[in-house]
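Below, each structure is written out as structure tokens.
Next come two complexes, and both contain chain A; in the first it sits with chain B, in the second with chain C.
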Partner chain A sequence: MANEIAQAIAAGILGGGIYALMAAGLTLIFGVLDIINVAQGILVVLGAYLSYVLSVHLHIDLLVGLLITVPAMFVIGVAIYWLFIRPLRGAERTSMTLLACFAVALIIEGVLYREFGSNYVSLTAWYTTSSVHIFGFYLPDIYLIGFGLAVLAITALYLILYRTTFGRAVRATMQNQTAARLIGIDVNRVSAVTFGIGTAVTAIGGMVYGAISGGFTPNSGYDLISRLLAIVILAGMGSIGGALVAAVFMTTAEALVDIWQPEWSVAVFYLAMVIILTVRPAGLFGRRAARAQ
Partner chain B sequence: MRSLSHRARFLALGTAAVLASALVAACGSSSSGSSSSSSKPILIGASLSLTGDFSADGQAFKRGYELWASDVNAHGGLLGRKVQLDILNDNSSPTQVDTNYTDLITVKHVDLTFGPFSSLLTAPSAEVAHRYGYAFIEGAGGSPLVFSEKLPNVFDVALPVANELDPFVNWIKSLPAGQRPATAAYPMANDPFATPQVQRVQSFLQPLGISTVYSKIFPEEVPDYLPNADLVAAKKPQAVILGSTDVPTVASFMHGFEQQHFNPKVFIAAAGPDQGQSFLSAVGTANASGMMVPNAWYPGYANPTSQAMVAEYVAKYGGTASGVNADVAEAYSVGEVTAQAVKATGGTVGSKIIAYLHSGVTLSSVEGPVQFNSLGENIKAIAFIFQWQNGKFVQVLPVGAPGSVKILYPKPNWAS
Partner chain C sequence: MTRPTVIRAAGAGVLVLAAALFPLVFTNPTVTNFGVVTLIFVVVTSAWNIFSGYSGYLSLGHAVFYGTGAYFLVVAAKDWNLSGATIFWLVPLAGLAAAVIAVPVGLVALRVRRHTFVVITIAFFFIAQLSASNLSVTGGSSGLLVPVPNWAPATYNNPFYYLALIIAVATVALSWQVRRSRFGLQLRAIRDDEDRAAGLGVRAMPVKLTALVLSAFITGMAGALWVYFIGEAFPQFVFDPLFDLAVVLMAFFGGLGTLAGPVLGALILEPAQLWLNLQQSNGYESEILFGALFLVVILFLPRGVLPTAAEYARAWNAWWLRRKSGSPRVVAEADSAGTSVRGSVS
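For the complex of A and B:
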């Protein structure tokens, strides 16, 4: 039993890194733009399809392919912002952006259906089925890679936000857009770049998701979005580091419940989330705390 | 005044109820259709999962229905009338499927209905069809969930889900005790298609002395199954009977087992390995060897109408015969059985079709003979077990059945 628990904790921690990778863009975009990007799930799937195209048609390794998919997704993110988000103004902006993001999700899903059909596709490489033996456990290489990429991506986001001039502009925009404009920050440019960065990070999450899921279709984003939103809400909307903690909590809790009653694993996580939010309505690393970092 | 108002409200409610009943009766009577000949096409309504979780199967079903309709029309239609399909998309949602069939029956006044994909969607839609007196012939709703309602109008042309793995059980029973697996694991997705058949296998294998080391139901639609696969691998069962519903589930378990350096002697999954190229690309051709899956039909099935349908499908949609999905045959069979019932009863009257299909008559389809019991299960359906062997999808069970080749046992080790 001790072995099973240890294995479940290891699987939970590694899986949490991958979810954090997929959720980082969602929380960054909310933190800066006050937008709940419900298209995040389909953007993860889009990232997976881009990796698929490079891998299957151009025979580019999944990891090397990130050098192409990350910039490509950045451009897609900036385009989404300029075309769908930026024009929205006024008191109804928040609800309208929600609808705009949903429209974006439907458009991307439709395009993917048209291009790839409804059959499952998957990402494969030598490291998607191999594992390393550490402390008596076999740990899957792809999960270790995914966790490493999550730590790298989150660290990079942290450095951009807290060690660069652009990051200062982003944080100023997060705190007060009007004041940011008054001191000469081009809020539209900052917002577009932030949306682009959030989407670019999703390209990495998409690649790893495609490699661990066993197969995906244009519809797979719907299974992801509720879990990603749950992670971001539990973390505290806008907290990037918190997303990693919340994701690890979610996957570890589920993996532990799996030992005894797997059919309850998802329910137990959501129950734990409700309890935590009752005590801390702003989440583990609530928005105010996140913005004051 | 108060009592008058109360009475008026009562009257209004009563009138509304009567009108509603009349409306339902009118709609229901429309299901009786017309026995008389007419130049109008016979309109057949169906709801399919063209998007959503079941979209791969839903799209295949659509092709099966359309292929049947074009065949019928090419041969002069039904009762001298052309057949016209009206297919709505339910996005794999049990709520939407309910709405779609209500719409098809009460607004579009279809003459006949064909079933949707999956037991999950068949159960609610069969109720709608029953409410309006329509026969509900379907090809993908074979789980006990569908038959538990005991609706008289449901007819599933396919093999009942619970019996799909029977040839596998019979094969294990036939092995000498020393060659049987000593232990077995039964991980099952929480789905009406997956659980009944795996639980049935467990109920037969346990009395044979095959010890159960794992038997749990896991939630569906989670993005990865690594923790579940790890737990099964840790028990090192010699047989794994996986209640999967799609390619990602079975591929995740296979990847997890490989990562844990665990290879069972026998590995059978309820669904996934039957998905041809999607399955091979997810797990690799070499790793597929030895993987087994049940099904009631395969493209090489030695049945003349089946072979004709496969040839037509390839001519119309391209690809190869081995790539034709069993969903296509299930959908096509729905059309065939409906056509025979319409011809026999001389019209589209729901009550007459229902009575005819319950009469014990044996009908034919591309999946083989069809005869319904009182629940609407096809008691003549044939179960097969298929296995991947060196990149080929072959029939291995029942042993000795026409087309069966020698089973690969024990399963080869993972290739990579």
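For the complex of A and C:
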């Protein structure tokens, strides 16, 4: 029993890394653009299918394939922003952008169904089935690789945000868009690139998700987005650090409940969210701005 | 009553009469089937609009209430061994069940605004779907069946049709009453600026919650009627994310927060979607089309067909009056006519 619990905690923390990465992308987009990108779930699935095409048809290793899928997802993100988000202005922008993202998600889902059908597929490589033996329990290699990738990507995100001029522009736009415009920041460009970066992380998320989930279909996007939304709400909208903590907390809690009640483990996500919201409507690490109209 | 009101009342009367005669003229079951589902969407979209359209709180979780009503009817009909027309008496009770569910949902969700509210309604939707798949009372993912009434196949749809029509007329009348009442004014004050409304003495929470519960009650009735009509309840169809989007799209298409907009949106889009589904055996084509249509509406008709049409009508009127006004004397006339025309259009 104790061993099972330790195993669940280890898997929860390692699996939480990849959710943290996907949620960080969502939070970054929210912080800069004031948009909930509800297409994030299906974009992860799209990333997974891109990796699938590269590995099955072109026999490119999953990790090497990331060199192609990450830029590809970046371009897709910029395109979505430029075509469907940027033209939306005015008082109803908040709800409009959310609905636009939902519509984009539907179209992507439809296209994926058309191309790949509704059969489960999964990503395989030599490291998706092997595992290492550490401290008395077995950890699948892919969990360690996924966690490593997540840490790398989040570190890169951090360095971009806090050590580059572009990152400074992004943070300025997060704080006050009008002021950022006044000091000469091209807010449209910053927004487009931010949306691209927030989307690019789904390539990594999708690859790891496709390998550890044991199979995915175009329909998997709903499961993903519901978890991601629960994570960012629990963390508090716009808090990247909070998203990391919340993701690890959620996946660990889910893995623990999974030992006794497998079919209800997903409910932990929502239950935790509802409880937190009744006590702290702004989320664990949220700013009060989340409540302002 | 002013003249425009009379015209509108007459228009509504003609529309209701046409709807009442519809199954007598078009007796083809496929057509009346479309009629029933379309009327159910008229009900749901108007009910959604009473809460989301008037208060500005965009709900993407109304399927929770729709599904609650649906499952209430299925389970109650099974447990109490009801059949035939008696089951229709469960419809208002199903509405009550949905209204009861709406109270805790509202108490949690209405504490937050904007994005967070939308996201929480989505989360409640997923909780509901998950519960329906895992609880034993709903039969889990294997679903439940409703006893099929042994009515004549040719007129089988008619009882459903007329009940849906009655509920639809009542819902639109209620929406109209809410719109012109003090309560409706409070809701729209909340939509425009909640903090200012609260500062002016609107007790925001009870007002929002009342609107949500009212909306949930009607949505629950619609869900119950729908599930009896369909005859089976599976979690993935009763709690369908596309349902939420369809309702929002219809309301946006017709004109969010208006009285006739949601009705028009449902009357145009639901038959179109049903027809598309009939043409194609695969689901993805209609999904892509649906998403594309949604984007077109959001990008080019963000305020809906009705308000945009009213704007064009006004612009056309102004142009017509300008063209007519050749001499200064006529300009003065046109000016007074212009104000009266503007008054009647808006």
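In the analysis below, the second predicted complex is superposed on the first by the 282 of 293 C-alpha atoms of A that agree within 3 Å, B and C clash if a C-alpha of one lies under 4 Å from a C-alpha of the other, contacts with A are read in each partner's own complex, and residues count from 1 in each chain.
As a working rule, a contact is a pair of C-beta atoms (placed from the backbone, for glycine too) under 8 Å apart; a residue touches a chain by one contact, two chains touch by 3 or more.
Since this is a predicted model, take the numbers as computed values, not measurements.
J.: Given the superposition on chain A, are chain B and chain C in a clash or a fit?
T.: Aligned on chain A, chain B and chain C clash with each other.
J.: Which partner does A:68 reach: the first (chain B), the second (chain C), both, or neither?
T.: It touches nothing on chain B or chain C.
J.: Now for A:113: first (chain B), second (chain C), both, or neither, which partner does it touch?
T.: both
J.: One more residue to check, A:215. First (chain B), second (chain C), both or neither?
T.: First partner only.
J.: Can A:15 be said to touch chain B (first), chain C (second), both, or neither?
T.: first
J.: Applying the document's definition of touch, where does A:263 land relative to chain B and chain C: first, second, both, or neither?
T.: both
J.: Does chain B (first) or chain C (second) touch A:187, or do both, or does neither?
T.: In the superposed model, A:187 contacts neither chain B nor chain C.
J.: Among the options 149-157, 167-175 or 293-301, identify the stretch of chain C whose C-alpha atoms clash with chain B after superposing on A.
T.: The superposed arrangement places chain C into chain B at 149-157.
J.: Both chain B and chain C contact which residues of chain A?
T.: Correct list for chain A: 109, 113, 222, 263, 266.
J.: Which of the residues in chain C come into contact with chain A in the complex?
T.: It comes out as residues 58, 60, 108, 111-116, 118-120, 122-124, 126-127, 130-131, 133-134, 193-195, 241-242, 245, 248-249, 252, 256, 282-285, 287-288, 290-292, 294-295, 298-299, 302.
J.: Tell me, which parts of chain A touch chain C in their complex?
T.: Those residues of chain A that touch chain C are 30, 34, 36, 38, 84, 87-88, 90, 92, 94-96, 98-100, 102-107, 109-111, 113-114, 222, 226, 229-230, 232-233, 237, 263-264, 266-267, 270, 273-274, 277-278, 281, 290-293.
J.: Which residues of chain B touch chain A in the complex?
T.: That would be residues 50-53, 55-56, 58-59, 92, 190, 216-219, 221-228, 230-231, 234, 246-252, 254-256, 258-261, 275, 277-278, 281-282, 284, 287, 414, 416 of chain B.
J.: List the residues on chain A that touch chain B in their complex, please.
T.: Checking each residue of chain A against chain B gives 3-4, 7-8, 11-12, 15, 109, 113, 117-122, 124, 126, 128-131, 138, 140-141, 143, 209, 212-217, 219-220, 222-224, 227, 254-255, 258-259, 261-263, 265-266.
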